[in-house]
Each structure stands twice: as structure tokens, then as C-alpha cells.
């Protein structure tokens, strides 16, 4: 008897607590407030293509069969690939490039499924067929080309360092002796820092947002990854973070595709080459406000 | 095979990491487990209650969650800077605190296997607490405690792999390093599994031989 | 009142115990106070840190993560029980050519850490072209490991039964399968219920390992919500909430399983095996020997009443 009464009491308390949470069903201010009305701006940039026929692309055939596109993206890179934790809304340069590609293949917003895939699992996901293509700060490298193909590049940036705003001891990759550097498991910046420079210690996490948290709390001294990603975090918190020094490598972002699907690759490359206006508009909306400058690169053949 | 001989440095680091986690975690667990076990069998009701609370809470918590709390929730609380030894120390603490509960339970059950009459007779002879423990209780309890304790240590060895998810170098994280170098992941993981089977079978053999030597006749 | 360690306390002992009790409480409060101070000093009690948990959407996502955990657990539990039966029957066979392979399989599956198994399924198999989702990697690894442990548990249970049960079964004309199915296994399961329940709790706890292969369960969600700068980076509150949920789930499971066990027990005789509080995660060789000989040596629940 006492047990049922305590359980009933606990149940009522839980329901009451849950009711209180209904106070807040919106979301906190999302970063890059230009993206708040993302739907309106980007819809005007392109139209969903109709009567698309792409011959010889097994990936495209699969998309048609499932009447939808599954795109791999990141969810914690403000300005590039970001998902609001509360509303689930996806914003960012990479995300809009993915939408642009889907539209060119004849799929509109409702037919796109975004899947968050961390850096270490990208090749796996493409090879397994879990996603159709990947747009998420995916650097083109030869070792990755052994497993997958790339379309693009659609953006060029370089590896940089993010430090606390009041830290003047680090001005470049050569100042890292005795410092703790953070990055993400399986990313090229981490491999490069370990191989070519000699940091004090390295910390690996699964996501950059964890690294940013550790940097703000003084657990690590610097974060290394592509400047485009770092700039997004600086734009969120310009008083706490800053970029140190100049980029010290070249990273070329491409669209990850299943190996051998040249038809899809050519289609996307043509889209990039012919769509300079769309590219510029997206760049102005997402990346220019963070202080990055850049122009559209030529695609590889 | 090539996977091992080309990457001996990674495998050696991994093996060393696992052994460090095992030995250090085991020591922490034994010390803390003995203290908690002593609390659970002590005549002080508060100590018994606290010991029981600790054991029952940790036994219902996943090891991954304990690691998670140590790796992500503790550094902000104490302002720790993550130089190389710090994640390793956090991992050792997590393993030690988790395994200590099982050590405590093993010690408690070991002490309880000694018949009360033995202790009462010893006390009737006028032996002090220290003498009762060292001359009468512990030798008998020791024999019952060692085999389950070996099982706990075997479980600890297998649990060291969880540290791979938290930025600590051990056999479990070998896979991530070698995949960055482009090795075939299936063979890497199979070799890791083989190493573990070998280590566990070794410890199991040790456990069985100790048990046979010290089997208590009743 | 007297136990192995201490005699019935006299007046001096009572006074000493009281003092020691006070000292223990003071030490415990000091440690607790230290943690609370650190929590307050880093601002973990501010409304900003807990703001994430005022959003219904966040709670819905926590609920979904909990459902992922539970769905992996239920499928793994059923699979482990089934595999355990299968392996136990093979292990108990009288033919050596059946028994030896099954013993080898059980030993190997018990020796490989669960996480390494999950790695093998999720990262290793794609290398030979077999695709596997995180869900199935978690579930199959759990089934393999817990199934092999449960096989040993069932075997210990069967071997702890008096020989007369089996002989009576043969005497009334049942064959091996009948004896096993109708007489030995039901009693073995009833006798070993506490150990089986403990192993199921272990299965639930091990679903958390899925976090490391990016299976989207509770810990994964805690890490995700905990690193959202827009919500104040509530890593410590997220850890506390998820820890409470996990402990609650495990306790609930133990409660449900114990209630089911009590309802199913038709006869008061539960066999002569170890008591409800298993000191270790798996049945040790000593306990198996004890169980086979019908002795009640490892009975942590009894003895001294401490």
C-alpha cells in the first residue's frame, strides 16, 4: 500500500515538473541571426529542378527509389553546419550547399534527411550507403580518395589555431611547445599537428564544441582545425576567443560521394561551376559575417 | 602479421597503457575496496549505511557513465588543465572507484565465510583484535577471498578498454590510431581481441591454480 | 550480535563506536561539502546552467534517448537468454565432440571485452563489406557476451540439482531433451534467478558502451546537450540528470525482476546456490564448484546480519 502511494506521489511530481517545462518551448537565440529566416533567403536563390535524369549514377537511382536524399552533415559548427539543440533547425554554409545540390537533383526541402556524422565515421557512412553524400568541412585528401570520391572543391581554407582572447603566448604553430592542443579524432588537422609540429600534449574529443568548452575553461590551451570552423566559434563569442596567427596549410572542402559515381560527381561539379552567383550569396550570408574572406575555387576534374 | 610488425610502436603504447590502467586501477580499487568493505562490516551503523549506499549506487551505474563523469564533469569543477597525465589519472580514478565496490563485496563475503565460533574462541582465549584478525580470521578469509577477487581483476582488465572512448591510450584506442594510418580495421580489432583472450585466459589459469592450492575443505 | 570481527559491545565499546560514528559522519560531510562548494563556485547551481532543462523539446529528446537505451537492452536481454540456453545445453552434452567446441566458444566470448566486440562489429565488419548500424553492433555484442555468461549460470544451476531429479526423469521414460526441458532447466532457472537478474542489470549498464561507437543513447545525448554554448554548456547538470536516469532504470529493473521472480516461485525451495547479492559480475569458478557440490559457502546475505 505504502509503495503504491509513494509511486503515485512520484508520478504526480514528475508530471507536474514536465508541465512546468512547457513554459519554454521556443529556443534560445540561435547563432548567426542571419540564419533565423534561412528558409526565405535560400528559397529565393534556387528552384527545385524538375525532370532531372542522371544516367549511370547508382547513388541517384537510390535517391529516386527512396524518394528522398540522405545527407551527412555536421551539427556543431556555427556558420557551416549547425543544428539548434532545441528546435532541430539546421543552418550553415555546408548545410545550404547540401540543400542546393539536392534541389538540383529534383528534391525539395521536405525530401532531405540530414544526418549528423562525426569526423571519424565519414568514410564508413558513405561506403556503407547510410548517406548519399556528405557536405561537412570534408577535406579532400589522397588517403580518403582510396575509399570515396569527392566533388568540388567548393571552398578553400587553411588550418589555424583558436586560443583564448587574452592569450598572447601562442601566435602560430611553432609556439605550441608545452601547450595542450585539442582537436577531433580522425581529422586531418590533428594528424598534421602531431606529424609536423610538436605540441606539448594533444587531447582528442568527438566534437569541436567539446574542445571549445575545454578551451574556455582553461583545460586546453589551443584548438586546431580549419579556420572556417574556428571563425564560426569566434563569431559566437568574440570576447572569449580569437584566432592566432595565419593559416598554415591548405584545406580544400569537397562533397563526399561513393567511389566510382562519376555521373553524380560531374553533375555536382557542373552545378558549382555554373552557380557562381548562388555560391557568392551563400558565402555572404554565412561566412562573410565571421570575418573570413574567400572566393569560389575551381573544381577538380 | 603486417598489421603488428609495421606498427609496433602503437601496439606497444597500447599494451603499456592497458597495463598501467590495470595495475593502478587495481591498486586504487583494492585500497578503496578494503576501506569500504571494512565500513560495511563494522559495528558502526552509520559507516555500514554509508558503505551500503556507496556500493548500491555505483553497482547501478554504468562504468561508461563513471568515466564520463570523471572525464567531462570533473575538469570544469576543479579547473584542471588536460596535460598528458591528467586524462590517465581521471581514468584510473574512475576504474578504481567502480571496481572498489566489487572488491568491497568480495571482502565482505569472504569475512562472512569464517565461522563465528572461530572468532569467539579466539576472543575467549584473550587475543586482541589485531591478533584475532591476523592469526585466526584473515588466513581463513584469505582463501575464500582470492578466487572471486581474481574474477574482479579479470573484469577490471576487460573494463580498461572503456578508457579508449575518453582520450586515454590503451589497447582499445589502437584501432583509431591504426585507421588513421590506413590499416585494415578488421585485422587490427581481431588482433586486439586475441591479445585480450590471451591475457584473460592467463589470469583465469592463475585463478584456477590458486583456487586448487587453497581449496578449503569443509 | 557478535560477529567475526567484533564481540557484543560493552560500555567502552559503545562509547568508542559512537565517537567513530560521529567522526565518519564528519568526514563524509566534509567530502560532500567540498563537492558542493566546487559546484557552487563554478556556477553549476545558476539558472543559466539548468536552462536547457526547461525546454520540453529537450525532455522529449531525453525520452527518445532513454527509449534507445531500453530498446537495445530488451532485445539484447531476450537474445542473451536464448543464446545462454543454447550454449548451456551444448555445454552440458554428454558427447565430447559437442561439449568441447561449445566450451571453447563460451570461454572465448567471455574473454573478449564487450567494447572490443562492438568495435569489431561496427568498425571491423565494414572492412569486408558487411554494413552494420550502431544499434545492431551494440545489441549483437551484448547478446554474445551476456549469453555466454548466462550459459555458465544455467550450467551451474543444472549441475547443482540433486542427481535424483535427472535419474527420476530417465526412470519414467523421458529422453535427454525431455529431462532437460521439463525437469532440469526450470528448476535451474528458479534456483539461479538472482544471478540472472544481476546479469540483466549488467546488460542494461553495458548499453552505455554504445556511446563510444556513437550509438545515440542517453550518454551520447548528455554529451551533445552539455556542449551547447547557446544553452550555457550544461555538462555537469546533464551528467547529473543522466546519472539519475540510469540509476533509476537499473533499480527499476532489479525491482521488476525481483517481483517477477517472487510471483513465479511456486515452491519455497529455491535450490542451494548463492544468495541475492552476488559479489562479482560473473559466476566465479569457486561458486560453480560450490554449486556443483551442493554447498552453501558463498552466501553473502547470511552471516552476522551486518
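So that you can tell them apart, the chains are marked A, B and C in the order they are listed, and the count of residues begins at 1 in each.
Note that in this section contacts are C-beta pairs under 8 Å (C-beta built on N, C-alpha and C of every residue); 3 or more make two chains touch, one makes a residue touch a chain.
None of these values were measured; they are calculated from a predicted model.
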Touch-based graph of the chains, sorted into line, ring, star, complete or other: complete
Inter-chain pair with the most contacting C-beta pairs: B-C
Distance between chain centroids, defined by C-alpha means - chain B, chain C (Å): 17
Centroid spacing, where centroids are CA-atom means, of chain A and chain B in whole angstrom: 40
In chain B, residues with contacts to at least two other chains: 72, 76, 79, 179
Per-residue overlap in chain A, given as positions that touch at least 2 other chains: 210, 213
Per-residue multi-chain contacts in chain C, two or more chains: 123, 126, 223, 235
Residue numbers on chain A that touch chain B, as the complex places them: 120, 143, 146, 180, 182, 185-186, 191, 200-201, 203-205, 210, 213-214, 217-221
Touching residues on chain C, where the partner in the complex is chain B: 2-7, 9, 13, 17, 20-21, 24-25, 28, 35, 38-39, 42, 44, 107-108, 110-117, 119-120, 123-128, 201, 205-209, 211-212, 219, 222-223, 226, 235-236, 239-240, 242-243, 246-247, 250-251, 254, 277-282, 284-287, 289, 295, 297-300, 302-304, 306
Residues of chain C touching chain A in the complex: 51-59, 123, 126, 131, 133, 214, 223-225, 227-231, 233, 235
Contact set on chain B toward chain A in their complex: 72, 75-76, 79-84, 87, 167, 176, 179-180, 182
Touching residues (chain side chain B, partner chain C) in the complex: 39-48, 50, 57, 60-65, 68-69, 72-73, 76-79, 102, 105-106, 108-109, 111-116, 118-120, 123, 129, 133, 137, 144, 147-148, 150-152, 155, 158-159, 161-162, 164-165, 172, 175, 179, 184-190, 192-193, 196-197, 200-201, 204, 207-208, 211, 216, 218
